[in-house]
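By letter and in written order, the chains are A, B, C and D; residue numbering begins at 1 in each of them.
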Amino acid sequence: MHFGLSEEQELLQETFRGFAQAEFPPQRLREVFDAGEGHDPGLWKGLAEMGLTGLVVPEAHGGAGLEILELALCCEVAGATGIPGALLEHSLACLAIDACGDPSQRERWLPGLATGDVIGTLALAEPDAECETADPWDPDGWQTRTSNGTVSGFKQYVPHLDHAGLVVVGLADGGLAVVEPSESDAASVRVEPQDGIDRTRPISKLRLQGAAAQPLPNATAESTRRILDAGLVGLAADAFGAATRLIQLSADYAKDRKQFGQPIAQFQAVKHQIARMGTEIEPTRALLWYAAHALDRGLEDAGRHAAMTKAHVTAKSVEVARDAVELHGGLGFTWECDVQLWFKRAMFDRSFLGTPEVHRERIATLAGW
Amino acid sequence: MHFGLSEEQELLQETFRGFAQAEFPPQRLREVFDAGEGHDPGLWKGLAEMGLTGLVVPEAHGGAGLEILELALCCEVAGATGIPGALLEHSLACLAIDACGDPSQRERWLPGLATGDVIGTLALAEPDAECETADPWDPDGWQTRTSNGTVSGFKQYVPHLDHAGLVVVGLADGGLAVVEPSESDAASVRVEPQDGIDRTRPISKLRLQGAAAQPLPNATAESTRRILDAGLVGLAADAFGAATRLIQLSADYAKDRKQFGQPIAQFQAVKHQIARMGTEIEPTRALLWYAAHALDRGLEDAGRHAAMTKAHVTAKSVEVARDAVELHGGLGFTWECDVQLWFKRAMFDRSFLGTPEVHRERIATLAGW
Amino acid sequence: MDLQYNQEEEQFRAEVRAFLAGWPLRGEEASLPIAEQETLFRSQAIERGYVYRDIPREYGGGGQEPDVLKDHIVRAEFGRAGAPGSSFLQGPAMLAPTLMEFGSEAQRRRFVPPTLREEIRWCQGYSEPGSGSDLASLQCSAALEGDDESGEWVINGQKIWTSNAQNSHWLFGLFRTETDAPKHKGISYLLVPLDQPGVEVRPLKQMTGGLDFNEVFFDDARTGADCIVGERGQGWQVSRATLKHERNLIANPNLMRDHFDAVVDLARTTLRNGRPAILDPGIRQRLSEIECYVRTNETSNLRQLSAAARGEELKCMLPMMMNKLYSTDTMQRLMEIAYELVGADGLLAPSEADLAGYAKGEGPTGWVEQWMFSLGPAIAGGATNIQLNIIGERGYGLPRDQRPTR
Amino acid sequence: MDLQYNQEEEQFRAEVRAFLAGWPLRGEEASLPIAEQETLFRSQAIERGYVYRDIPREYGGGGQEPDVLKDHIVRAEFGRAGAPGSSFLQGPAMLAPTLMEFGSEAQRRRFVPPTLREEIRWCQGYSEPGSGSDLASLQCSAALEGDDESGEWVINGQKIWTSNAQNSHWLFGLFRTETDAPKHKGISYLLVPLDQPGVEVRPLKQMTGGLDFNEVFFDDARTGADCIVGERGQGWQVSRATLKHERNLIANPNLMRDHFDAVVDLARTTLRNGRPAILDPGIRQRLSEIECYVRTNETSNLRQLSAAARGEELKCMLPMMMNKLYSTDTMQRLMEIAYELVGADGLLAPSEADLAGYAKGEGPTGWVEQWMFSLGPAIAGGATNIQLNIIGERGYGLPRDQRPTR
C-alpha cells in the first residue's frame, strides 16, 4: 500500500515546474494574458519536448503512456505556474481517440497529437439545449448529429479552438466524432469567439453545418462520461495549483506589506485568514490523488469521486481567490496585480465542465440519496 | 414619522429591567434553572404588580391595554435578564381570549389573567400529525376536536403547564378552545412532563380525552395565525435579548481573561469575533420593532415580517450563543458557566413555534416565489 | 413607532411630487443634450430648496433648515421619478459639506457654488500605495513656499484609488505638511488644481476590466497657500468629516433592495434541476435569509434616520458603526447566489456595457461583473478588518491592537 | 499510488482476521463479565503482537518492529470485528508512549506493564483554570522535599478538564517546579497518585449535562522524587510528545464517517416540506459538500499514514498541522444539519443515554447532544485560534503575534 507519489511522478512535477518557472516567468504570462491569445508556440514546443503533449498517448503511438494521475499532476503545475495552453483539453482529446477510436484512427491521429504538431481540443457543451438540464456538458442534452460522414450541431465554450487542428465533438447519443478544421471548410465549420473570463484559455462557439467528421466507433455514453470525468479531475488539479499559488502570493504580500508600522501578517486577522485559506486547500491534495487513481484503476466509485473532487476543489479555490483579492487590499482589485491571473484561472476551472452545484447534485444522485 | 420608541416604551423597558436585575440576580436564576421549575411565585407577583401580566389585556378588563410592540420590548428584557416564567405564553393566551372570545368569556377570564392570579398558556403543537408538514405548529396539521363542550386531542411542547390555570388549545380547523385544568379532571386532562432544553421554560405533553372546554367562538385559522405571529415576534425579541446578553458576557470575559500576559480581547481574532457577533444582532433591533408595529397596525406584510423576524433573529442568536461558548473556552462548556443559561434560552426561542427553516420557506411562499 | 408622515411632511411630499411632474422635461427643452437637461432641472430644484437643502443660498444651495425627514422625502421622490437631485459626485456630496463645516469664508464663496453647479468637478486624494488601512502614514508631501497669503504649496508624491480623476478639475485630499509632527498631526487638507504640468493622471484598470480608478502623480505640482482647509496639521480631523459622508453613500439601502429584487428575478428565469431556481428549496432558504438581512438593513437605516431627525444619534451608535460591514457582507452573500445561478456562463468576461457605471447586472456577464465587484466595497472606504476593529473597540470597549509604534 | 496491500500485508491481515474469529468469546469465557472478557482477549492480542505493537515485550507490549501499515490493518480489522484492541484510554494511548520515549528504565518497568493491562488507570493534568491556550503559564506547583532519590514532591494547586479522573489511580501532568526559570523552562512532568489525602477530585458538569471532566485539587499532595519523567524543567518538551498522540485521536476519520452516514440516514427518515429531507435539493447540496470534506479528511489521513510508514512525514507537514481544525470544522458543519433536521425536537434536552460515553446520536435528543458537543473539540486540545496561529506561523512562515511579554 502506498498512498503517495512515486519518485518518477515527483520528478515529473519538478521538471515541469522548473521548466515553466524558467521559460514562462510571470511577465511572459502577463503578455499572453493581455493579448488574449492563450497560446504560446515556444511554450507549446517546450511542453512537446518534455513529452507532455503525448503524456497520456500510448508509447506505441509515440507518447509517454502515462495515466490520469500524471495528467492531474501536470495540471496542478500548470495551475500553479499559470501557464496558458491547451494541455488539459489536448490530453482529453488524446484519451478520447485512444479509448474510442479504431486502430486506424489511433494510428492516424495519436502520433501527431503526441508530438504536439497537432493540438487537440473538445467541443461538448451546447447552448439552449432543449432538455431542461442546467448543465450544458451533460451528454443527455446534446443535439449534435452525424450523417454520411458529416456532423451538424452548435457548440459553445470550446477552448483553444483557434489553434486546434483536431476537435473531438460530442454527439446526441453521448458518442464522439472527430473534426479536423481547415481553411477549405470555413462554411461548414464556423468559429465565433466568445469573450472568456480567463484570457489564457480563450473559448469559442462552434457552428458545424455538414462538416466532414469521423465518428469514433467505440464511443458510448459511458466512455464519454469517463473522458469528462478525467477532465473534472484535471480541472480540479489546475484549480488546486492556482489556489496554492494564490495562498503563497497572499502570504508573501502579507509579510511584505507594512501598515501601522508592522507587516500586516502580524495582525491576527490576516494571519488567520491565510491559515484558513490553506486549510481549505492543502488537505484536498489527497482527494485529488485518489480521484485520479480511481479513474486509472477503474474503481467502482471513480465517477463519483471525480465529481466530488471537481465540485469541492474548484469551489474552494474560488473562495480562496476572493480571499486573496481582499488580503491584497485595493491592489488586489487591479488588472496590474498578478492575483487576477489566478483568480480568473480559478473561475474558469469552477465553471468549465459543470459548476460545483451541478456536480454536488450528481454526487447525491450517484450515492442513491 | 418616528421609527423609534416613545418615552413611555423606553421607560417600560427600563423599569422592567431594573426590577429583573434587582429582584432576580443571576444567582436566583441559577436556582430556578437547576430546580427546573421555571416558575417563581415571587417573581410572578412582581410582574403582576408592575402590570406586566395584564400588559396586552384591555384596560376595561383590568389590563394595561398595550400592544405587541410593548410585549416584544418586555420579551427582550426577559431574554436579556434571563428571567423564567410564562410572560410570553400568558400574554398570547390573553391576546387569544381578547381577540376570539365572546364578551362573557372576556369578562370571565381576562381580569384574572390581567392580575396574574391565573396563569395562561397555549397548547398548539401536535405530535405525529398525519399530514406531512414538518412544522407541528402549523394549524393545518392539528387533529384536536371539540364535541359537546369537551375537547379531545394530544398536544406537546406545552410550556409552563404545571402552573397554568388556563390553557388555550388549538383545534383541527385552526380554531381555539379554553381548558381550565383542575384536580378533579385528572382523567380527562393528562400532563406528561417533557425534559426541555431550557430549564427556565419547562414543557409538557398534554393528553385531552373529553376534557371540559369552551370554544372561543371568533377563533378562525386567520385569527389563530395572528396569535402565532405575535408569538414569533415575542420569541425573536427574547432571543435578541439573550444574544445581547451573550455578547456582553463575552466582551466582559475577554477583557477580564488573560492569556499570554494580556487580556484575550487584545487578540484580533477574539476582538473581531465579538464585533461580528454584535454586527449580526444589533441591527436586527429595527427589524423587530417593525415586525411588532406591523402586527399592531395590521399592515399587509405583517405576517411575512413576523416570519422573517423569527427566522432571522433566533437563528443568529443561536450562532452567537455558539460563538459565546467558544470565546469562553472550556469554561463556556460547563454547567457552572452562565453562558449556558442564555445558550439554552436561544435554543428554545429558535425551535418553539417553528424553526428558522420552516419560517424561511414560509417567507418564500408568502412572497409568491 | 409611527410610520405615518405627519400632515406637514405629507404636504411637503405633495409639493415635491408636483414639482417632479416637470421631469422629464418637455417641449424645446427635451431636445437639449441630457447633461444640459439635468443641469437645468437641478438648478430649478435648488431654487425650490429641494436639492443641497442645507447649504445657504449665498453658496448656491437650497437655503433650508436642516431636516433629515424632508431630505429623505426628497431623495425618495427624486429616486422614484428618476430625476436629477443631489449629486453623488464627490464634489457636491463630500467636499461641499466639508467646506461648509471647515472652510474659510473665501473658500466657500469661491468653490461651493461652482461645485454644486458641477462646473468644478472634484476627485478625492486620500489613499497612497503605501497607505491604505493605515491612512495616517501617508507620505505625499506639500511644502509651503512663501508666506501664508501669497505663497504656494509645492506637492510631491502619489495618490491612488482616485475615482473620476480623469474627468475632474480639482483634487481635495490629505498631504504631509509638518514633517516633524507625530503622524496624525502632520497632515493638512489641501485643494489642488489638476490641470497643471506637475500633475499626471493615469487610469488604473480593475480586474473586472473597468476603469473607475486612477493614480495621480505630483511632481512639484502647485496650489495656492490659501487652498488649505482648516489649519496646518488639522487635515486628519477635517477628513474624518468627509469620510463620514462616504460611508453613508456605501450603505445606501435602496441600492441593495434593487439588487435583491433583480436576483429574485434571475432565480425565476434560471433553471435548476429542471425547474425554475426560485422553486428550489435550497435557493428559497438562502434568498429568504438574505432578504432578512436586506430588510434589517432597510429598517435599521430608517431607525437611524429617524433618530438623526430628532437629534438622538447616540441611541443608535452601535448599528451606525455596523452599517458598512452589514451591507457589504449582505451584498456578497447575494452576489454569491447570482454567480451560482449564472452557471456555465460564469466562463464569460464582463462586457463593455456591464462595466459602464453602476449598472445592475443584466444578462449573465453583468452578474459575473457584479459578483466580482461586490468584493470592492469590502476593500474600499476602510477594509473589513478596520471596521471590525472600530466595532470591537468603540462599540464594545475592547482594547486596541498591540502595535510596535504608536 | 498503490492502494493494494502487498502480499506480506495481506498475509498479515489474514492472520489478524483468523485471530479475530475468536471474538466474541465462546463457551465458558462468554459468561464472564464483559470487562474481564475484554481484558482476557486483549492479553491474547498483546501476546500475538497485535496490540501495543511497538512496546517491547518486557514492558508488556507486543514487541514488534514499528510498522504504521500493520498498525493500520490491526486497527481496521479490530474495528470491523468490534474487538478490544489498543485502548484509547489516556494511560495506554498517551502515557505509555511518553514513558517509552522519556521515562527512566525503572519508570518503564514499574508503570508501563500495569498501565497496558489497565490495572493502573491514568488521567491527564495539563490545563488549569488560569492556563488554557496559554498552557505554559500554569501555576500548579511541586516543590522537592529531600533529595532526588528518597525525597518527595509536595504539590499545591488545581488542574481542570481532567477526563476520567474519578476512575483513575494516577495522574500524569505538568507542574511548576523551577520558580525562577522562564515560564516554559520551569515546568516538570510528574506522575502523581490520586488516592491520598491531599488530592480531591470534583466532577465538572458540562452544559450538555454530561460529566466527562473533573477538577483536581492538590493540597500538600505528595509523590515520590523518582516520579519525574525527564529532567527538571523539561516537562514542556515531554508533554509535546504526549499532545501529539492526543491530536491524532481527535482527527480519527472513521468516527467522522460514521457520523456522516448517520446524518444521511437521519435525512432519509426526516420530512422536510412534506418529502424526505434527503430529496430536498438544498440538503443534497450541503450533504454533498460535507461528504467532500469527510472524504478529504479520510484520504488526507491515509496519505499521512502512508508517508509515516515510509518515514516521509516531512512531505505532508502542512496537512498534518491542519487535521484538527479540518475535522472539527467538518463535524460542526455536519452537526448543524443534524440539528436542523431534528426540527421542533430541538426543544428537548439530551437524555441520560445520550450522555453516556461517546454514543452516536440516536433519536432527536441524541442529535441535540451531538450538536452541542461538537463545540467541545473546537475548544479542547488547543483552541481554534491556537491552531490557526500554528498553521500561519509554522505552515506559512508568518510572524508571531505581538505580545507584551515573551
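The definition used in the following text is that a contact is a pair of C-beta atoms (placed from the backbone, for glycine too) under 8 Å apart; a residue touches a chain by one contact, two chains touch by 3 or more.
These numbers were taken from a predicted model, which means no experiment stands behind them.
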Between B-C and A-C, the pair joined by more C-beta contacts = B-C
Centroid comparison with chain B (C-alpha atoms), farthest chain = A
Between chain C and chain D, what's the gap in Å when you average each chain's C-alpha atoms?
-> 54
Whole-Å separation of chain centres (CA-atom averages), chain B against chain C = 42
Enumerate the residues of chain B that touch no fewer than two other chains.
-> 262, 267-269, 272, 357, 361
Contacts with two or more other chains, residues of chain C listed in rising order = 272-273, 281, 284-285, 385, 388, 401-404
List of chain A residues in touch with chain D within their complex | 1-6, 69, 247, 251, 254-255, 262-263, 265-266, 268, 271-272, 274-276, 278-279, 282-287, 289-290, 292-293, 296-297, 305, 308-309, 311-312, 315, 357, 359-361, 363-364, 367, 369
Which of the residues in chain A come into contact with chain B in the complex?
-> 267-269, 272
Over in the complex, which chain B residues touch chain D? Could you list them?
-> 125, 132-137, 157, 194-199, 203, 258-262, 267, 269-270, 322, 325-326, 329-337, 339-340, 343-344, 347-348, 350-352, 354-355, 357-358, 361
Contact set on chain C toward chain B in their complex = 1-6, 9, 69, 264, 267-268, 278-279, 281, 284-285, 287-289, 291-293, 295-297, 299-300, 302-303, 305-307, 309-310, 312, 315, 318-319, 322-323, 325-326, 329, 385, 387-389, 391-393, 395-399, 401-402
For chain D, which residues count as touching chain C in their complex?
-> 272-273, 280-286, 401-404
